[in-house]
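In what comes next, chain A is part of two complexes: it sits with chain B in the first one and with chain C in the second one.
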Partner chain A sequence: MPRSASDGGAPRRRRNRHVFWIVPLLLLPLPLLLDPYQQYVVNLALVYVPVGIGFNVIVGNLGLLAFSNVAFFGIGAYSAGILMVRLGLPWWVALVPAALSGGVAGCAASIPALRGVRMFYLAIMTLAFGELMRWVYIRWEPVTGGSMGMALPTADLFGWALDSEARKFYVFLGLVLATIVATDRILSSRFGRAFVAIKSDELAAAAMGVPTNRYITLGFAWGGCVVGIGGAMYAALIGHLTPIAFDLTELILQFAIIMVGGLGSLVGSVLGAVVITAAPELFRDLPGFQELLFGVLIILVILFLPRGLASLLARLHPVFQDRYYRG
Partner chain B sequence: MEGLLELSDVTVRFGGLTAVDAVSFGVAPGEICALIGPNGAGKTTLFNAIAGNALVDAGRIVFQGAEIQGLTPHEIAVRGIRRTFQNGGLFGHLTALENILAGLHTQIASNFCGLLLGMGRSARAEAAATARALELLALMDIAHLCDHPSDALSGGQQRMVEIVRAVATNPPLLLLDEPAVGLAPPVRDRLCTIIRRLAKETGIGILLVEHAIELVMSVSDRVIVLNNGSKVTDAPPEAVRADKDVLEAYLGRS
Partner chain C sequence: MMILSQLVISGIATGMLYALIALSMTVGYRATTVVNFGHGDMVMMGAYVMLFFTVSAGMPFLAALALAAATLFLFGFMMQRGLMEPIIKGPHLSLAIMALAVGYALRGVARIEWGNETLMLARPYAQDAFMVGAVVITMDDLVISGSVLLLLLALFVIFNLTPIGKVIQAVFQTQRGAQLVGINVPAFHCAMWGGGATLGATGGVLLALIVPLTPDMGVWTLVRGFAAMTLGGFGSLHGAVIGGLLLGLMEKLLGFYASTVFIDISAYLVTILVLLIRPQGLFGRHATLRV
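Let's look at the complex of A and B:
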């Protein structure tokens, strides 16, 4: 029966989406209000926004349980790092190949899915990709610095050194906005609809003329590319790359971002990245209980908001209702 | 009439089992052709063979003068054969409108890089498709459902959306897999009208698999009866009604 959602068939699609531009505007004066450590935490949250977005395109939109995300993250970070250290490229130049190598890694990680591997089998196979990459970081010592890792020079943007947390913040904010806008454009086009159609019913998607395998690869490639950008941002933020940063714990953290934020929701990816990064900092004064409280927080969200934090926002106001996502 | 779809000696085997055995028939533009037969007669397998979801072991399937057996399902869809599914193939995560847009997928001329860069042409292609999809929903009097999640629609509404989605691109041939299953009598009547209108007004050739025999008799121009994978009869509905072989196929007399 017609609910409030229907009003005579006029397209009432998210007309007020421009209000979202208020958020970055409000964030602009942030560096004036925060001390460098707090600013670092905010920057870390920004790093995890593209990481969550890319992961969510694959898991939430394509509906494929692929755990190769840390591989994309590490490949993005190491590509940027290696190009900076070994070839002396500036960070902003290395950013492009880092994103591209993330995309290529995405294509590679889609191969098991193209062979029809799904669900837990796909999860384990793609998880192995991340572990294999960690082995590469450790063994390919002349290039990656091995298990000791490698120190990176200061990142810069057209020669403007990102030597303070505030400067990193503005550059990261711009990058994050670009990835959000780009991903939103793709998801709201026939490409995004094809992704979700594949999640709903692959046979029916093919019957609509969607070459499903090509779109699976495309989804993985875009996801990998966005996560690769996150990796390059991580390299700029931390200034030091070690294989241990790209282990299974990291994968669980990234998975928590999209679960807590909301599977299949772009807004959810952003929320999840912020909450999962900031939450442990809230409990810093309680050493020993930090992990416990963090775990409890995740359990509470999953228990009471099984569709993620995005569902809370969606209930608040229709403008937050995300495409393809129902909270 | 010139054939739109021509099957000649199509055979589909699953291991040692011959599901479809040397079946030949044709569908002309604007013709409504029904496939009937008892469970396990090979109706759905034949459907899947035409749509590219089942491998054809022998024989030829010619659509608009070109052989299509061996093509993938999406290639066949691009050539203009669209289908609906027995168990409802709507995309539950998409709204009714987005489902129609997914049906229009191959006709939307937006490209990936154009969208990324926010190019006008890609944005306009998407907007035009949305307008067209709303128009199609309005034609079926279900425009008010456009923003409803498709899995929240009633069975009848879902069937309507699925049919609109299948014909959104004006395909020359439409395959309907048990379109009437689970529908209340008034909705069935409406469905009959729509099927007839599609064929007679737009000239779409329709091949349907259906168990509801009254619907088959009232809507189709020709009825093909399958039993154990072979064609038993191919005749107008009145003739089939009187045919003893058909009764045997259904009742299993020998």
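Let's look at the complex of A and C:
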């Protein structure tokens, strides 16, 4: 009986969402219009879309304060890099273990959450995990190349070398679409509803029979997996991995993506990745200004736009509204 | 035996610094039950402000220290008043990221103003070393441990023997109750947050005497402060001190007898293991949610 009120509108809105398929179609001719540097920036934004999505699933949808996203990102990037350099695997093969190792790292990071560590305790612990991983990249020199980093061979897809920014763009666009669609399916399924329940009131969810621990692990695993894919894309884009790319500065960047885009919103993750990746390119040669800009930007968003840019869009048209988020 | 006592001496000196930093974080946490993720950068800022007053303004050491402490008090006060208080009823996530973002902006300011190269704070005393038996004690060890001990004594008096200590205890136990008996809780929050920043700045100045100063030292500081706090138990004042001392000793002893890697990773391991095995630490309260 109460179905009609909440679920009745859902199929129509789902149909509306097909509008979104126009966006990648419009993007297809983009490489013809941009010079290689601009194309590189666009590709970087594409790399950060899965990173933002995975982060947002854990922090925004599941509502857990996990600061370990940079660890997942680094683990994905280094898994792909190590497999390519040490074992000579092609990039598209290394992509799978990179995603898997990101997922495994996600499961590992969910262990403290399962033991009841929450809020600041979880944040501190996952922060320590991330810093520990960075130490591993530096110290495990025979495998990771130490603090000097590791140069990677050119990435390829089934033997098709991704040696230009335009080629990377099309492959990245495909991967990004796949992660967006898959995450959207997960979040609008019973998993997503369980996430909402856990976020709103974990005790009540458990009392209603939601196996909270299982869903928390699942959310972490999916988040880690998606971020791991982002890491592998990063390895393919940059072609050189250094531990300094995975420090606390990177964490703030990723926080900026989900905060500015909109917590718990898939549209927000995409928007945030685009805005946050494009902005610092303006300040590339001015050390410090980028940090100041991000810091102030996040502060302003928290104070005046707590649901991020996605909430502005949702005001324009309901198609941008996320069904699986209850603020 | 000689090596052991030497290690214990330097471990205590380092541990005293960690204790002060953990304590400064605990003061803010006890007042607001909000953990300040930007605290490491406030410590860093304290040291840079000190550098500004001594080098650029040419002030004597102690006057500059007082001014730096006052500057950071104001900063902490205003941060709590203007940025944390408006969202303090909101989710923990916003509070944590707000503090993180403030710290990040501070790091940007330090980098714009002072650049990336490492700077040293000039010691206001001669860099001597004394032999006690076969053990070397440096002037740095003495100054740092002495200053921290003095601060600890002052804090002990404030927390236990003055009316301010009673107010602090009251707000920590129940905010609503404290409000009912007429305590201005928001103003108290601001003052305590400022007090934490002041203590942190003092820690930063002491740290800058022995370690080169960079805009990125905040993370290092934050991780060690968290480790000491976690080990001692969140919110416990004597826990923070003991946790800091234990962490300092652990780094030195494990670093020498087991492997040098422990100098770097003790803090991370302590944080992770303590929260997994005994989340309330040595002296803390219950810290986990049971579903």
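Methods note: the second predicted complex is superposed on the first by the 287 of 327 C-alpha atoms of A that agree within 3 Å, B and C clash if a C-alpha of one lies under 4 Å from a C-alpha of the other, contacts with A are read in each partner's own complex, and residues count from 1 in each chain.
We adopt the following convention: a contact is a pair of C-beta atoms (placed from the backbone, for glycine too) under 8 Å apart; a residue touches a chain by one contact, two chains touch by 3 or more.
Small disclaimer: the values here were computed from a predicted structure and weren't measured.
> Contacts for A:Leu303 in the overlay, against chain B (first) and chain C (second): which applies, first, second, both or neither?
second
> Check whether A:Val117 is in contact with chain B, with chain C, with both or with neither, and answer first, second, both or neither.
Only chain C is touched by A:Val117; chain B is not.
> Touching A:Gly295, do we find chain B (first), chain C (second), both, or neither?
Touch partner of A:Gly295: chain C, not chain B.
> First (chain B), second (chain C), both or neither: which does A:Glu131 touch?
second
> After superposition on the shared chain, which partner residues are touched by A:Pro287: those of chain B (first), chain C (second), both, or neither?
It touches chain C, and chain B stays clear.
> Counting only touches as set out at the top, which of chain B and chain C does A:Pro142 meet: first, second, both, neither?
Neither: A:Pro142 stays clear of chain B and chain C.
> Does chain B (first) or chain C (second) touch A:Thr212, or do both, or does neither?
both
> On the A-aligned overlay, A:Leu248 touches which partner chain: chain B = first, chain C = second, or both, or neither?
second
> So which one touches more of the residues on chain A, chain B or chain C?
C
> Is A:Pro29 touching anything from chain B or chain C once the two structures are fitted on A? First, second, both or neither.
neither
> Can you pull the chain A residues that chain B and chain C both touch?
Overlap of chain B and chain C footprints on chain A: residues 203, 206, 212.
> Please output the residues of chain A touching chain C within their complex, sorted ascending.
Per the touch definition, chain A meets chain C at residues 59, 63, 65, 111-112, 115-121, 123-125, 127-129, 131-132, 135, 139, 202-203, 206, 212-213, 247-249, 252, 255, 259, 263, 286-296, 298-299, 302-303, 306.
> Write out the stretch or stretches of chain B touching chain A in their complex.
Spelled out, the residues of chain B in touch with chain A are 51-53, 72-74, 77-78, 82-83, 85, 89-94, 97-98, 101-106, 108, 110, 112, 115-116, 118, 122, 126, 129-130, 134, 137-138, 143-149, 165, 169.
> How about chain A: which of its residues touch chain B in the complex?
2-3, 5-6, 8-9, 11-13, 182, 185-186, 188-191, 193-194, 196-197, 199-201, 203-212, 218, 264, 324, 326
> Quick one: which bits of chain C touch chain A in the complex? Just the residue numbers, please.
So the residues of chain C touching chain A come out as 34-35, 37, 83, 86-87, 90-94, 96-98, 100-113, 115-116, 215, 219, 223, 226-227, 230, 234, 261, 264-265, 267-269, 271-272, 275-276, 279, 287-291.
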